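These notes concern the structure reproduced below.
All chains are identified by letter, namely A, B, C and D, in their written order; residue positions are counted from 1 within each chain.
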Amino acid sequence: MGASQTFRLPAAREGANLEFSGCLMSNKQDQPRFSLPIRVYYDDTDFSGATYYANYLKFMEHSRTEWMRSLGIELDVLRRQEGLLFVVRRAEIDYLRPTLYDDRLTVTAELRAAGGASLDFLQEIHREAEAACCCRGRIKIACVDARTMRPRRLPARLLAEVAHVR
Amino acid sequence: MGASQTFRLPAAREGANLEFSGCLMSNKQDQPRFSLPIRVYYDDTDFSGATYYANYLKFMEHSRTEWMRSLGIELDVLRRQEGLLFVVRRAEIDYLRPTLYDDRLTVTAELRAAGGASLDFLQEIHREAEAACCCRGRIKIACVDARTMRPRRLPARLLAEVAHVR
Amino acid sequence: MGASQTFRLPAAREGANLEFSGCLMSNKQDQPRFSLPIRVYYDDTDFSGATYYANYLKFMEHSRTEWMRSLGIELDVLRRQEGLLFVVRRAEIDYLRPTLYDDRLTVTAELRAAGGASLDFLQEIHREAEAACCCRGRIKIACVDARTMRPRRLPARLLAEVAHVR
Amino acid sequence: MGASQTFRLPAAREGANLEFSGCLMSNKQDQPRFSLPIRVYYDDTDFSGATYYANYLKFMEHSRTEWMRSLGIELDVLRRQEGLLFVVRRAEIDYLRPTLYDDRLTVTAELRAAGGASLDFLQEIHREAEAACCCRGRIKIACVDARTMRPRRLPARLLAEVAHVR
């Protein structure tokens, strides 16, 4: 009988994302910066050889989603149980350096401000072992009613988590 | 023997994109505004039922590409014959209203400024028969050397075309 | 005041998709073969320079969707009014020749068989002016209840349309 | 100074993918079955609420890529140093059960046959803790010259690895 081998994606090397000076990003207080490792696969690239520019928005969303999950907030549960949805209201993206097929990226998600129904993120994408920022985004998301799409107050659990930037 | 039937995608209704007052977009001079009709398919949507936010960047690129083609500039020829590539340097996107599966959109591309090696576009996405803007982007693209990724002067043909906004 | 210019995607050249002998596809009776022109954009390619292989499944779906629409069947209306959804049950795809950025493709959709709750398609993708088939798929789709995902009888209008292959 | 927190994607639970009886997949010898955990994100779904059918091909490719990497074969190095590329020649996919947003999947890659220039995989996708197979694919890939796209012999290192199924 065959044994089963589960492959574990290697996390970014320890400390690899400590220095972000190339991005002039100051981190208020001693708050940890959330960082998700992502691999660039075939389908993320285009014929120029580099990552297709719209796909960085997917990477940033994956990082925000995992940040929420790390706080115990599952977006799917939120939608089914409370009828809440997060939608992107505005995105500002600077494309600074290309990333390539097979690159190992770290995609940060740092909350910079919060309103009663919205969250503002600063997000950066680095190639794993490099200080230089490849892509930087400021993403504003809003909490809305899944049915009416009207703004709704952030869930209490999240409001408590983000109190320090309100 | 079977005949072959070629299906022609219906273009946006004439005049459908004349009124953009909801977007406060003034059109300098009498310059025509380029507009590409695009259908929202299954793969453009996500489980919220609306178009996935990163896909608007694809739609905007398709419109810019067809705008170039309407000027006689084929991006692939440019790359193979002159070693030139266009890359996005910065994108600012406002998501104003959702669009849905099966929607027929018009995606505009209006050149607002041009440098020696860059082009600035204002782009808007409307549902076909509606005045309200669903998504508005300001996209800065740069002309670069396909090998070194360093800035390169826009091709002469394009420089002539964009002289009015330089 | 600015005039508005609507860009019309050029349909495939007349007759371009008449000869499919390279694909050994015989067309029963005198039934027209549905064909949708599709342009390969940046985001459809990968770093190999060719169209990414999963994207042909999107192209084939777009063609099936427009075939349905040409019969007066709108998938979104079907879902909202009758609670019906079409899902893919099986796909067999042969990748015969690469297609490239900027290529103009024709994507056919030919119904080969129909059950009470399913449709079998033969679909081919050609570069516009070429007889050789680049990609050929056999796609089986099923009509299901949007809520339970259980098989449901095809809508009457569609059953009438597909009677010749049942 | 801010500390950096690297988020580690949780691997599939131990043993979660041991029982595949629902798929009638027999595993020759005692060879381990490669398995990659993948999370379903927003951009993987469509408006039906389930994962879009073409995206399973991406997931399967990611698993094949990581399988190769686990053997010490980096596709990008192969291309740059030896001019070799892997392309998909044929895919047969059965869609058995939907998967949903936020699902944690395991995507297997099991080599079933090998030629001098080709590899045949059986691949299955399961929701993490469930025995039932959601999607099963048989994927034939070919090793080709990156420039001419003609078949080329598999690299020696890989030939040695796959000797047991030749």
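Basically, a contact is a pair of C-beta atoms (placed from the backbone, for glycine too) under 8 Å apart; a residue touches a chain by one contact, two chains touch by 3 or more.
Given the structure is predicted, the values throughout are model-derived calculations rather than measurements.
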Inset, instruction - Pick out whichever of the two, C-D or B-D, is joined by more C-beta pairs in contact. - result: C-D
Inset, instruction - If we define chain centres by averaging CA atoms, which chain lands farthest from subunit D? Would you check? - result: B
Legend entry - Geometric centre distance via CA averages, subunit C-subunit B, whole Å: 25
Legend entry - Rounded Å distance between subunit B and subunit D, as computed from the means of their C-alpha atoms: 35
Inset, instruction - Calculate how many whole Å lie between the centre of subunit C and the centre of subunit D, each centre taken as the average of the chain's C-alpha atoms. - result: 27
Inset, instruction - Find every residue in subunit D that makes contact with two or more other chains and list them. - result: 42-43, 48, 54, 58, 61, 100-101
Legend entry - In the complex, subunit B residues that touch subunit A: 48, 53-55, 57-58, 61, 85, 87-95, 98, 146, 149
Inset, instruction - Enumerate the contact residues on subunit B facing subunit C in the complex. - result: 1-9, 11-12, 14-18, 27-37, 39, 41-43, 58, 61-62, 65-67, 70, 74-76, 100-102, 106
Legend entry - Complex interface listing, subunit D residues touching subunit B: 42-43, 45-50, 52, 54, 100-101
